[in-house]
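Two complexes follow with subunit A in common, the first pairing it with subunit B and the second with subunit C.
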Partner chain A sequence: MSRALVALALLAAALLPLALESEGYAIHVLTLALLFAALGQAWNIVGGLANQMSLGHAAFFGIGAYAATILQIRFGLSPWLGLVVALALGGLAAALISLPTMRLRGHYFALATLACGEVMRVIANTAAPLTGGPAGISVPFGAEGVWMMRFEGGRPIYWLMLGALVVVTVVFEVIRRGALGYRLRAVRENIAAAEAIGVDTARVKLQAAVISGALTAALGVLYAQFNFFFDPDTVFGVASISVRIALMAIIGGIGTAAGPILGALIVIPLEEFANAALSDRAAGLSQLVYGAVLIAMVLVEPRGLMALRFSWTFRPRRASA
Partner chain B sequence: MPSDAVPLLEISSLSARYDAGEVLQDISLTMHPQEFLCIIGANTAGKSTLLRCISRLVPRARGSIRFHGQELMDQPAHAIPGLGIAHVPEGRHVFPGMTVEENLCLGAFAIRHRPGLAGRLEAVYALFPRLAERRRQRAGTLSGGEQQMVAIGRAMMLEPRLLILDEPSHGLAPIIVEELHRALVDIHARGTSVLLVEQNTALALSVAGRGYVLEAGRVVLEGAARSLAQDPRVREAYLGL
Partner chain C sequence: MLSLAQAVLDGVMIGGVYAVISMGLTLVFGVMGIVNFAQAQFLMLGMFVAWFAWRFLGIDPLLGSFLAFGAIFALGWALQATLFRRVLAAPPVAQIFLTVGLIIVLENSALLLFGSEFRSVATPYQTASLRLGELFVNVPYLAAFLLSVVCGGLLWWFLDRSWFGRAMRATAQDPMAARLMGIDAARMHRLAFGLGVGLSAFGGAAILPYLTVYPTVGSQFSVLMFTVVVLGGLGSIAGAVVGGVAVGVIQSVSTLVFPIQLQNLVLFLLFIAVLALRPEGLMGGSR
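== the complex of A and B ==
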C-alpha cells in the first residue's frame, strides 16, 4: 500500500467522528473496532511474525486493565502512568509465560497459553479484596480532564484508540522490517537453519513475547477507561478476549500490518450487528450467525482477507509470467 | 603442511553421545589455516555429529574443541557463527518462504554486520551466478542444487574463517555436484578454510588437500588426500575399487 493511501485513510479515520453523533452507537462500535485492531496487531507480533498461536493474550490484557484501575482507585494514579505500569507488568508476565512455553509449537503452545489466561481469570475471581472478585471493578468517576483520561463525549477516546492503533502498528512494522523481524521469520520458517546462522532462537522468541505482552497490557488500560466497568470473566475471558484478539489477525491476514485492522473493522461491526439484529429472535441465534460468517470467511480464504486481495491483484501477472 | 602455525581448529579427545549410545569416541583432529580438509566414512560413522559438535549443536559432548586457540565447548550454539565458523547443515536448510536474497541477507543479519552487505551479496552472486538470476524467487521453489547454493551462499555472507559443510552433494544430480565442488575450490582459493564432510569419497578426495577417515566414531586413517586415494583400505572400502 502506498504512503499516500495510508495517510489518506488515517486522515479519514481521524475526521470520521466529527461526522458522527458524539455519544452515539456508531462511534462506540468504531472505538471498539480500533481497540481490537490494535490488540490484533500486538498479537500479530507473536502470532504473525513468530507464528506462535497464542490463545492467552487475555492474561496481559487483564493484567493491564486491573493494574491501572486498582492503582487509580487506591492512589488516584493517572491512567497515563497506569499505562507505563501496565507496559512493565505485561512485559514481565509475557517473559514469565514465555520461558516455560517457548519450546512448544503449534497446538501445544496454543493450549499452554490458553491455560495461562484461564489461571489469571481464576486468580482475579478469587482475589476479591484486591480485584473486587466476580462482582467486577469500576473506574472511579472524577473531574473531566486529559490527565485522568476523563473526556466528554465519545470522540476523544476514539482518537485515543486511533492513536494507540497507530503506535502499535508502527511498532509492528518496525519489528517486521528490522533485524528482529528477519530473525523471527527465520525461526518461523526453519528453526534448524536459524540456529545454523547464529540466531539465538530462545532470545528472539522472548523479545517478541515481551513486546507483544507489554502492548497488550497497555491496551487493557485503555479498555478500562473506555468501558468504565469490567469483571474477570470479560478481561481474562477466552472467548471475549483471547480468541477474539487472535481472530482479528486470522480473519484479516496473519503477519501483515493491514490484516488485524481489516479483520477488526469487519468482525467487530459484524458482532454488533448480529447482536442488535438477532438477539431478540431466539437465544443464541446471533452467535450462530456470527459463527457461520466466520467459518465461511475462513473456508473461503484460510490465509485471511488480505490474501484474497493479493490473489485478486496478482493473479493476472502470475498467469502471464 | 604449515604445521608451525597456530592450528585453526584443534579437536582433542572429543566424545559425544546421543540416547542410543556413543557416536564419537576420543576424536582428535587438527586443521591448519587455509586448509581444505575432508572427513570421509560410511553412514553412521559420526561425520555429521563431529560437525555438529563444532557448531555446539550436540549437548552431550565431552573433550576440547579449540578454534584459533579459543575453547568452543564454553560457547552457546548461537555464538559460533559470530566467531567466524559458518555451518552448512545437511539437508539444505533454506528458509522456503523467503526470497533468495532474503535468505542470503539473513546469513549476515544474525551477527549484525550490516555494513558491507552489498559487497558480500555481490561476492556470493559472483560465486553462484545462477542465484543472481533468481534473487527475487522464493527459495522453496528452487531446485535442490540451487537450494544448496543458497545454503552455501548464506554461510559465505558471514565471511567466515572456517566453512563447514555437511554432505553438500547429497541427493543432487552429478552435473550440479561438479558445479558445487568447483565453487568450494573457488571459496578455498580465496582464503577461506573449508572442512567438508562427504559420502562421495572420490569427489571429496579430489578437492581436499588432506583427509580423515572415520569409522564407528573413531579416526582410523589420516593423511594427504592424494595418498588416501591410493590407500588400499580406502580404495576398497570407500572407492569401490
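== the complex of A and C ==
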C-alpha cells in the first residue's frame, strides 16, 4: 500500500467517530476491533515474524490489566503511569517465560505458552486478597479527566485505541524492515543456518518476546480502562484472549502489518453481530459459527485473507495427502 | 503416613484412566504428527454418549464406554476423512488452529444440543468401597481402573500383534515406504484418528460414575492430558501409561499438601518444567 493510501485510511479512521453516536454501540464495537487489531499486531511480532505460535499471550494481557488496576485502586496511580508499569512487567514476564520455552518449536511452544497463561489464571483466581479472585475487579470511578483516563462518551477511548494500534503497527513495521526482522525470519526459515551465519538466535527470540509481551501488557491496561470490570477467566482466558489474539493475525494474514487489522475488523464486528443476533435464540450458536469460520479459514487458506487477494489470479493447487 | 498411602493408591487408580484417555492423544501424534488440541472434547462427547445410554437405554456407563468408543470412533474416522486429511502436510499453524476451531465447534454443539446443566449417573456401586487392610478402595475408581487396564491391553495387542497395528506403525515410521508395501496410508490415518479419539471417549465414559458431564468438562482434562503425554514422550504409548500413573499420583498427593485450588497449578508447573528440561519426555528416545 502506498503512503498516501495509508494516510487516507488513518484520516478516515480518525474522523469516523464524529459521524457516529458518541455513546453508541457501533463505536463500542469499533473500539474493541481496534484493541484486538493492536493485540494481534503485538502477537504478530512473535507469531508472524519468528513463527513462534504463542497460545499464552493472555498472560501478558492480564498482567497489564491487573497491575495497572490494582495500583490505581491501592495508590490512586494514573493509568498512564500504569501503562509504564505494565510495559515493564509485561517485558519481564515475557523474558521469564522465554527462558524455559525458547528452545521449543511448533506444537511444543504452543503447548508451553498455553500452560503459562493457565498458570497466571490460576494464580489470579487464588490470590483473592490482591486480585479480588474469581469475583473480578472494577476500575474505581473518579472525576473525568485525561490524567485518570476517564472520558465522557466513547470517542476519546476510540482515539486512544487507534493511537495504540498505530504505535504497535509502527513498532511491528520497524522491526520487520530492520535488522531484527531479518534475523527473526532467518530463525523462522532455518534456525541452524541462522546460527551458522552468526545470528544469536536466543537473543533475537528473547528481544521479540519481550517487545511483544510489553506491548500486550500495555494494551491490557487500555482494555481495563475501556471495560471497567474484568475477572481472571476473561483476561487470562485461553479462548477469550490467547486464541482470539492469534486469530486476528491468522485470519488476516500472518506476518503482515495489514493482516491483524484486516482480521480484527472482520472478526470482531462479526462476533458482536452474531452474539447480538443469535444469542437470544440459542446459547452457543454464535460461538459455533465462529469456530466453523475458523476451521473453514484454516482449510481454505492457512496463510490468511491477505493471501487470498493474490491467489485469485494464480492459484497452484496443493496436492492433499 | 496412612493418608499418603491412601493418596498414592487413589492416584494410581485415577492415573490408570488418565493413561487411557491420553493414549488417544499420543497415538494421533505418533501416527500423523498432529497435536490434537481438541482431544479432551472427544472425551466430553464420550461422557455424553455414556450418559444418554444410561438414561434412555439403562446401560451402565462401564458397559456404555464401549458404545462411546464405537460412536466416537466413527466420528473420528469421518473427521479424518473430511478435515484432518487436508492439514497433514500443512504447517503447524494450520494444524493447531484447525483443532482449536474444533474445540469451539464441539463445545458449543454440545451446549446447543444438550444444554449447560451438569449431568451425572446413579449406579448401585457409586458410594461403595472395599477394605484393603487399613486402606479403602473406592469401587468406581477401581472399576474405571480395571476397565482401563483391559482397554490398554487390547490396544497393546492391536498395535503389537495385529496386521492393522503393524501397518499403522509402519505408516507412522515412513508413510511412503508403507505405501510401497501396499498399505493404504490414508486408511491407516482414518483408523488411527478414530482409534485415538475413541480411546479418550472410552476413558470419559469409564469415569462418568464418579464425575459429572457438561459441555465444557473437557477443558479440565486438556492440560492434564498434555502433561501425561509430554511426561511420557509425545507419541509413546508406554510413555502414556507411565505418565498417566505419575500424573494421577502427583495430583492425588498434592492435595495433601496444597489447597484444592492449587492442584492444577502443580500440574501446569510440572508440565512447563518437563517441556523445558526434557521435551522428548522422561522415557527418552523417539516414539
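Convention: the second predicted complex is superposed on the first by the 311 of 321 C-alpha atoms of A that agree within 3 Å, B and C clash if a C-alpha of one lies under 4 Å from a C-alpha of the other, contacts with A are read in each partner's own complex, and residues count from 1 in each chain.
In this section, a contact is a pair of C-beta atoms (placed from the backbone, for glycine too) under 8 Å apart; a residue touches a chain by one contact, two chains touch by 3 or more.
What you see is a predicted model, and the numbers here were worked out from it, not measured in a lab.
Once both complexes are superposed on subunit A, the partners subunit B and subunit C fit side by side without clashing.
Of the two partner chains, subunit C is the only one that A:295 touches; subunit B does not reach it. By the touch criterion defined above, A:285 lies against subunit C but remains apart from subunit B after alignment on the C-alpha atoms of chain A. Legend: residue contacts after superposition of the two complexes on their common chain; A:183 is shown touching subunit B, with no touch to subunit C.
A simple residue count on subunit A separates subunit B from subunit C, and the partner touching more is C. Figure note: vertex subunit A, arms to subunit B and subunit C, all at CA centres after fitting on chain A; angle 80 degrees, rounded to a multiple of 10. Legend: residue contacts after superposition of the two complexes on their common chain; A:195 is shown touching subunit B, with no touch to subunit C. By the document's definition of touching, of the two partners only subunit C reaches A:101; subunit B does not.
When both complexes are overlaid on chain A, the residue A:129 reaches neither subunit B nor subunit C. Closest CA pair between subunit B and subunit C after superposition: 13 Å apart.
Annotation: subunit A has no residue touching subunit B in one complex and subunit C in the other.
By the touch criterion stated above, subunit A contacts subunit B in their complex at residues 179, 182-183, 185-186, 189-190, 192-201, 203. Against subunit C, in their complex, subunit A makes its touches with residues 51, 53, 55, 99-101, 103-104, 106-108, 110-112, 114-116, 118-119, 122-123, 125-126, 238-239, 243, 246-247, 250, 254, 282-285, 287-288, 290-292, 294-295, 298-299, 302, 318, 320-321.
If you check the complex, the residues on subunit B that touch subunit A are 55, 57, 76-82, 86-89, 93-98, 102, 105-107, 109-112, 151, 154-155, 158. Within the complex formed with subunit A, the subunit C residues making contact are 35, 83, 85-98, 100-105, 107-109, 111-112, 116, 175, 185-186, 215, 219, 223, 226, 230, 234, 259, 261-262, 264-265, 268-269, 271-273, 275-277, 279.
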